Amino acid sequence: MPSDQERILARAAREVVPGQIVNLGIGLPTRLFHYLPPEMEVLVHSENGVLGCQPLDHDAAPDLEMIDSGGAYIGARPGASVFDSALSFAMIRRSRVDVTFMGAFEVDQQGNLANWKIPGKFSPGIGGAMELAQKVETLVVLCSHNDKHGNPKILKRCRLPLTAPRCVTRIITEKAVMQVTDAGLEVLDIAEGLDVATLRAATEADLIIDDDRLGRF
Amino acid sequence: MTLLNQKHATLEAAIAEIPDGASIMVGGFGSPGTPFALLDELLAQGQTRLTLIKNDANEPDIGIGRLIRAGRVDKLITSHIGLNRIAIEEMNRGRLAVEMHPQGLLAEKIRCAGAGHYGFLTDIGLGTEVAEGRREIECDGRTWAIEPAIHADVALVHADLADAYGNLVYRGTAINFNPLMAMAADRVIAQAFRVEAPGQLAPASIHTPCAFVSHIVEVDPATSEQGRRAHAV
Amino acid sequence: MTLLNQKHATLEAAIAEIPDGASIMVGGFGSPGTPFALLDELLAQGQTRLTLIKNDANEPDIGIGRLIRAGRVDKLITSHIGLNRIAIEEMNRGRLAVEMHPQGLLAEKIRCAGAGHYGFLTDIGLGTEVAEGRREIECDGRTWAIEPAIHADVALVHADLADAYGNLVYRGTAINFNPLMAMAADRVIAQAFRVEAPGQLAPASIHTPCAFVSHIVEVDPATSEQGRRAHAV
Amino acid sequence: MPSDQERILARAAREVVPGQIVNLGIGLPTRLFHYLPPEMEVLVHSENGVLGCQPLDHDAAPDLEMIDSGGAYIGARPGASVFDSALSFAMIRRSRVDVTFMGAFEVDQQGNLANWKIPGKFSPGIGGAMELAQKVETLVVLCSHNDKHGNPKILKRCRLPLTAPRCVTRIITEKAVMQVTDAGLEVLDIAEGLDVATLRAATEADLIIDDDRLGRF
């Protein structure tokens, strides 16, 4: 049986359209890399200055000057380019990256995202997350539905400092796929074997669920 | 949305997407870097009431000079039009609105749009005629002028090499405004003398990454203005 | 004044020009592009009360991590220091002043100094904690934050190839902040794995033209941190 | 006997120091190019995006993509680079160009320069002149001492719209080499065979002349 993370990643891979430019955030999203078919014409952008990352073969000696923004050694696929940090973020601010996948500490039903700071506990700096969140048209959050204490991460309103307001398009957890709409969080898919009541109980946000249209994943 | 694998286009199809009244950035400083094939197709298709943004006005009988002569340009945002006497005459007769900027500020205003900012703060031109009409602001005890970014609907650029995804490599002094304009316009149509398969261009040699390019059109150097003649300039 | 033909320098001589209290830009995103040899020489020479400007803090035992650990850094202007627990501890204890910026704004603030402007106007971070303390201005009916440029006394950059005039070519993701910093600092010290005679680098492949580079130091990849080990990051 | 222009250019060539980065304005200054010894390690910057211009051999077929800002076909010397217009002007605004030679309609004893516009007669746009004039540390004006009607071009105060205020370092005409100082225009060199009274008569600006230190050219 796939782990929760594998389930999230397999579902997330279905969001990617051939021909797109995709950014993968540090942590779980970076691993989405391995779920995209190698023959798929997608260019993975990494904000440290590369468009066209591809996973390294396990036995390949890494090129020490080729990393992604998470610090992993990468290869470059045909059509790849490398560039400076100003150009990399120009690409982001001009919305030339089609979709970004990001982790979250908290996300809420208005589409607000908090994923960079826990005051007093964790504040290493925002890195490139703010500009990606604010300017990339489609932002897909990949995260566990609840934190390690079981508390909901999908909230009515974020309590932590925001990465960007009203930036999230879609949320994929091990329990559900949710779309941010003007009316609130609409559940598109629910995990195989999970019932709606259990999903609601694990979620603080109000969920819009149309049983007739509910998918499984 | 980007569709990397669907950028290769014919001259006709690429230019046909430009409507009347469009604002169009045009690469080139003099002839090098001017996308002559794209401009000649624009002339042939007949779009009118255009706003052009180009460093210069080319010469009367080539490039944007032909569009100006044909009365298809309402407004030109530029830096220097000294080599196009027709453009100067049209300006003096009030038939062509011309907005002039110092060359480096023009480049930065375009680059600023390409970087996704509103504008920048400069000391260039303070104490001269160029400063007239600009909004100024005090920062750290000094005066700075606000220079707003310049956007456009379309950019027409000329590259030496491209790949099918739209990565571009320029050559010589044909670089000039091209990479800046490719960042600043909503739709970017690039002509190139050769279009290779993805993977044929070295990643660190690419001047304009494909993310900025909408359409790529291969043009024959032998039939292009660039290849046909040595210009006065 | 530029002296093209007198840029080749030893590691010792180039770094010896840096005084205590200098503000120093350091290229690199993680390890790629970090000028390890220059930083290790700076550690050896003992300059102190430094202000460093770098995307990240490297890791505790390499690059600027060593300078921070040795107590030689008063202030760090950066984007993310998550991979250096010592830097985080020093920050939390109040022994290292840390000024954080979103990564793209940090890059632009440096680039803006390199372009010779005072600052730029952005909408990045409006409505978040990052906007606190920034001066804002209304233009065209919207609010924009003023982001002043960041200058430095010195930039330390890492290139793959150079020529004796100081033209630089970077490789892979080692480009990152290096060309921006080379424009923004008053004195630029570049290390390169190979220094060629002028004319060996193709003109359109040069990322940083020699006009921006003060000193060029050849470093042996085999003795550099870049070549010695694969880092965790 | 050399023409006036040849005399100006030959004298101007002596201003260039090996190792420098030099910009040559359109018109007379561009021709300075041919007065620099080919072996001299100087990089000529042209604001259209090249550092390291060199004159083309007369019989060489030009590369149609290599021109200088005046539109002449050029070659590239060893160590040359080409770049976009934003980088080219960053180099100028950051004062990385050591010296620029420019023509003038008018120049005055405060070091003000007017060389781009004659209201009602000539206004093709300022091009790159303003940023060069404002930001390059050493600006040497190369021009005829008087206009074609014999009127002085070296004035007490410019009447035409300025390119930049207080930007001129030195002025070289066929009659004299003049340095802009806080005290006014100091004559360094006077043309062979010219006397001081004739020079003063051809000049509107006040000239500071120390006979004992006056050079000839």
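Things worth noting here:
A, B, C and D are the chain letters, set down in written order, and residue numbers restart from 1 in every chain.
In the analysis below, contacts are C-beta pairs under 8 Å (C-beta built on N, C-alpha and C of every residue); 3 or more make two chains touch, one makes a residue touch a chain.
Predicted model, so just to flag it, every value in this text is computed and none were measured.
The chains touching chain A as well as chain B are C. In whole angstrom, the spacing between the mean C-alpha positions of chain A and chain C is 29.
Separating the centre of chain A from that of chain D, both taken as means of CA atoms, is a distance of 57 Å.
Averaged Cα coordinates give chain B a centre that lies 32 Å from the centre of chain C.
Residue positions 108, 115-117, 123, 171-172, 175, 203-204, 207 of chain B each touch two or more of the other chains.
Residue positions of chain A touching 2 or more other chains, listed in rising order: 50, 82-83, 86, 89, 92-93, 135.
An unclassified topology is adopted by the chain contact network, corresponding to no line, ring, star or complete arrangement. All chain pairs that count as touching, in label order, are A-B, A-C, B-C, B-D, C-D. Residues of chain A touching chain B in their complex: 17-21, 41-43, 45, 50-52, 76-83, 86-87, 89-94, 96-98, 135. The touching residues of chain A, when paired with chain C in their complex, are 46-50, 62-73, 82-86, 88-89, 92-93, 117, 123-131, 134-135, 161-165. Of all residues in chain C, those touching chain B in their complex are 108, 112, 115-123, 135, 137, 139-140, 142, 144, 146, 148, 169-172, 175, 203-205, 207.
The residues of chain B lying in touch with chain A in their complex are 1-6, 114-117, 163-165, 167, 183, 197-199, 201, 203-204, 206, 209-212. Residues of chain C that touch chain A in their complex: 29-33, 55, 78-83, 88, 98, 100, 102-108, 110-111, 123-125, 127-130, 160, 171-180, 207, 226-227, 230-233.
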